[in-house]
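Everything on this sheet refers to the single structure shown next.
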Amino acid sequence: MGAYHCQVIQQIQIDEHIYRLVLQAHEIAQTAYPGQFVHLRIADQLNPLLRRPFSIHRVLRDKGQIELLYRVIGRGTSLMKQTKPGDSYHLMGPLGKGFVFDGKFTTAIVVAGGMGVAPVFFLIDELLALGKSVIFFWGARCGSELFGVLQWNQSAIEIHLATEDGSQGYHGMVTDPLQTFLNHRSEDASLAGFVCGPRAMLKKIQLLSTRTSFEWQVSLEETMACGVGVCQGCAVMLKNEGFRMVCSDGPVFDLKNVAFDG
Amino acid sequence: MGAYHCQVIQQIQIDEHIYRLVLQAHEIAQTAYPGQFVHLRIADQLNPLLRRPFSIHRVLRDKGQIELLYRVIGRGTSLMKQTKPGDSYHLMGPLGKGFVFDGKFTTAIVVAGGMGVAPVFFLIDELLALGKSVIFFWGARCGSELFGVLQWNQSAIEIHLATEDGSQGYHGMVTDPLQTFLNHRSEDASLAGFVCGPRAMLKKIQLLSTRTSFEWQVSLEETMACGVGVCQGCAVMLKNEGFRMVCSDGPVFDLKNVAFDG
Amino acid sequence: MVDLSVKIGNLHLKNPVLMASGTFGYGTEYRDYFDVSLLGGIITKTVTGKMREGNPMPRIVETPCGMLNSIGLANVGVDRFCQEKMPELDHLDTVVIVNVAGSTIEEYSEVVEKMQGYDRVDGFEINISCPNVKKGGLEFGTDPEITETVVSGVRKATDKTILVKLTPNVTDIVTIARASVNGGADGLSLINTVLGMGVDIETRKPHLARIVGGLSGPAIKPIALAKVYQVVKAISIPVIGIGGIMKWEDAVAFFIVGATAIQVGTLNFIEPDGAVKIIQGIERYCEKNGMRSIGELTGSLQKG
Amino acid sequence: MVDLSVKIGNLHLKNPVLMASGTFGYGTEYRDYFDVSLLGGIITKTVTGKMREGNPMPRIVETPCGMLNSIGLANVGVDRFCQEKMPELDHLDTVVIVNVAGSTIEEYSEVVEKMQGYDRVDGFEINISCPNVKKGGLEFGTDPEITETVVSGVRKATDKTILVKLTPNVTDIVTIARASVNGGADGLSLINTVLGMGVDIETRKPHLARIVGGLSGPAIKPIALAKVYQVVKAISIPVIGIGGIMKWEDAVAFFIVGATAIQVGTLNFIEPDGAVKIIQGIERYCEKNGMRSIGELTGSLQKG
């Protein structure tokens, strides 16, 4: 964990609004693990003022590079998409507590919705490297947002795609195929769940997960100021535990503990 | 007078801190006269917030272009120097009341100090075009800030340079050679004076001018918000007349009327 | 088609976007930049009993996302205003509200009385909130009793619509709002500028000759929204939101919080036709959200 | 070498740059980013009598050149603070000031009493200016009598240095400053955040769950400078300037206006080691201007 000036190596447009940013970030690349994030200073100016948090999408450890995957939303990300190789960003990271794999599961159910896919690539890379099997459920608005799924060794990963517009995979919410899947495997002790996506999806999966007997981890998002547990801005309510900070106690939490309705 | 999006044609660095910006600005180029200025929106963002006023340095009427000459001072001008051909600026202009030439003078004394030279090139161009002779006194910090003086027909213009560091021309203030000159010509009715530069220089010349029998015009600067006479932010005190607005009543005023000390 | 018209007192505005006092001169300076008749109305620079030169220079300085001014109610005085400026306003096809101030309580009603007879004046905005003058201004607008006295004095002098312009530089803006209502105000305009200051660290002089001035622009938008929210909750006459409105999205936020109309100030210096774009943006937003009139937007704030 | 040390009450600060309450946790979170012992001191997140969860989410939103927060004094309470956090603070080689608040007048002195015995606590900052709680906070800090009662209560409970943190959300900050002095304050910290609000125009909900929050960052710097100027003119105990300080130039402006020390808040979230750069910048500025101590800079404002 530290603060570094990181050079932009490459910026790749994936979709109308989605970009992948490759950064030279030795220290971060060496120590980061899936589910952690970086806190990025958009520009050396007063407006936008605050840093912006982005999950670590991918780590190229040998090159000392990290990748971010982001959707252009507002002013900060609009400025980001203009950056070119040679520009540099000031990053704090790796931050937060990511996913843990110390359970005895052999197959991971990984569910991503929308930009929730960002940390999931890194997660899948690590799971496969650890010799786990992966069943990957990925939902997006349309097919153009689904990319790069053929890169993994297809014998170790089973992929279920879903799009809201039906342009690729299942036509509808990714939670539908997930539900079908879970109907048969809810008691399977070789499984563990990993989830990242929009709030509505998380709530739905929390409901589904209560009927399963294995563990689920979820990566959350909240508006952040400091990113390091100081400002108390990014609180999430945990059942029986009260508020915890997404940036420093998370962003990954035990799904069943999260009190989505405050 | 209007508001236009103007493309950047060229940006030329003149000196460490001085740049010349060539803009495509048909409407402004057609109607502007010396001493007028444009009010430029630095960028479509909230910080810097206000427009910045710049004198029209030069007009290329046939090409429909105008030139600005500016010194990098703060945040606005620092952003300006990064612009490239193809970028565009939103300009209001031409604004203000510039120099008037309806006097019966045949020779113009033109005095510029520092960035006060910006409107003076346009002025000299016009004076020469009108068949007037020009005696040009130009003072700067160092020689590298003095440029382009050989372009005019040297038979119609007499040039006196001065630098504070002595690297070119007279070593000292440009008001010294001016004073020497005026000692001999103070009653010469064929003369008229035109002045632009830092406050201290203007005060000094005001003092010198009281001993002359001809008219002096001065171009002033004040921090501006609106640039069109609305906000009352750019007031200057005129003797016996009270406050007038630099942006709409000026920036050119009768030198003897200006009450520099409020 | 969305009905953007609003009514405040006897005023019928074709749309709820007005030009804020001191940022649009007397309505003529921007004629070359856009069609002024597109506006809901304009509010003149403050007019006082006697001519005022205003404060010494420098009078303005930029700050982060804002600007400080200490103009000091520079104006030609009511008599010359009626002679020189009023005829120019005649050509404007929009509502004209004259902003009025005085250094005594009586001056307010005297100025209003002199203008009451002019058909061209559709209403008055009582400025008891200028931070840049010694007497009148803030000193009045921070005291509920003086506020009520000033407003009721003006109320006696005119049957035209009276707006009272409030300062944010108070502990409790609702008390001042109530005093204005009790005095007979038809609407409240808020906020005027926030007290602020800047220093040149090279010369170690204040940026403004009068040291302290008024902060305006995007920096104060959150403050203005909070004040409008507080006042709207407490009183029932129309509120006009002012402060840092730079784009239609900002304006919409003020309506959601409960403003009946809005005023655009600092933006005029940056984008002369910005107000027109705001009107268009508000209309599009209402359309997109299935609203037939701006009234449906006003006060539509949802629970957090 | 410029002597940057300052004295406030019994506090000796090695330099006049402190971390503002609520923006530096309990002093340990930023240890990996820079050497905390370079700071003049740190002020803890507010500590109250009982643990507080804080307000519902969302608690923060960005605004033009600023941010709104409604954290709501989330903290572990004084007892757990003494058990869990105090030992961590022991390792810090800089002054530690504990910021204290309560929802009753008595709670302030009770909290201070419990901590009075700890050597690690060098002083207290009395927070009567938080905009984000129902009781205590603003409600106290806008009333001169309650202010004096709270401060004199704390004065009886401790012989350590007492700072009182003032809100800008008042008509007349000088009255509150005087009440603090009368109560026995050794120094005044100003400003706390400015009341503000934001609205999401898509959902039409307030950006903050608690609707209104506190504005901080560069946007409020002009406001903070004006308040420091007003207070410094009127009272003679040291004033600590806070509000929108992002670079050493901003800090220098506060000293010129009359601050004895400054606090850095929002900047910590953006540049964790920003405060250290500010200390260096202040030192260079003093050197360049031939000043041998920071005291020569404080109050060096020239006539406009």
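Which chain is which? They are A, B, C and D, in the order written, and residues in each are numbered from 1.
Quick note on the criterion: a residue touches a chain if its C-beta (ideal position, glycine included) is under 8 Å from a C-beta of that chain, and two chains touch if they have at least 3 such contacts.
Here the structure is a predicted model, which means the values were calculated and not measured.
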### Task
Please flag the chain sitting at the greatest distance from subunit D, going by CA centroids.
B
#### Entry: Winner on C-beta contact pairs when A-C is weighed against B-C
B-C
### Query
So, what's the distance in Å between the C-alpha centres of subunit C and subunit A?
47
### Task
Compute the distance, rounded to whole Å, between the mean C-alpha positions of subunit A and subunit D.
36
### Between subunit D and subunit C, distance of the C-alpha-averaged centres to the nearest whole Å
34
### Message
Counting only residues that touch at least two other chains, what does the list for subunit D look like?
### Response
56, 64-66, 217-218
### Message
Going by the contact rule already set, what residues in subunit B reach two or more other chains?
### Response
46-47
### Task
Specify the contact topology among the chains shown, as one of line, ring, star, complete or other.
complete
### Query
Which of the residues in subunit C come into contact with subunit D in the complex?
56, 63-66, 68, 142, 169-172, 194-199, 201, 203-206, 208-212, 215, 217-223, 225-226, 229-230, 244, 249, 252-253, 256-257, 285, 300-304
#### Entry: Residue ranges of subunit A touching subunit D (in the complex, touch as defined)
1-3, 41, 46-51, 92, 222-237, 242-243, 248, 262
#### Entry: subunit C-facing residues of subunit A, complex
46-47
### Query
Of all residues in subunit D, which touch subunit A in the complex?
22-25, 29-30, 32-33, 45, 53-54, 56-62, 64-67, 69, 71, 74, 217-218, 246, 266, 268-273
### Query
Which residues, counting only subunit C, touch subunit A once they are in their complex?
64-65
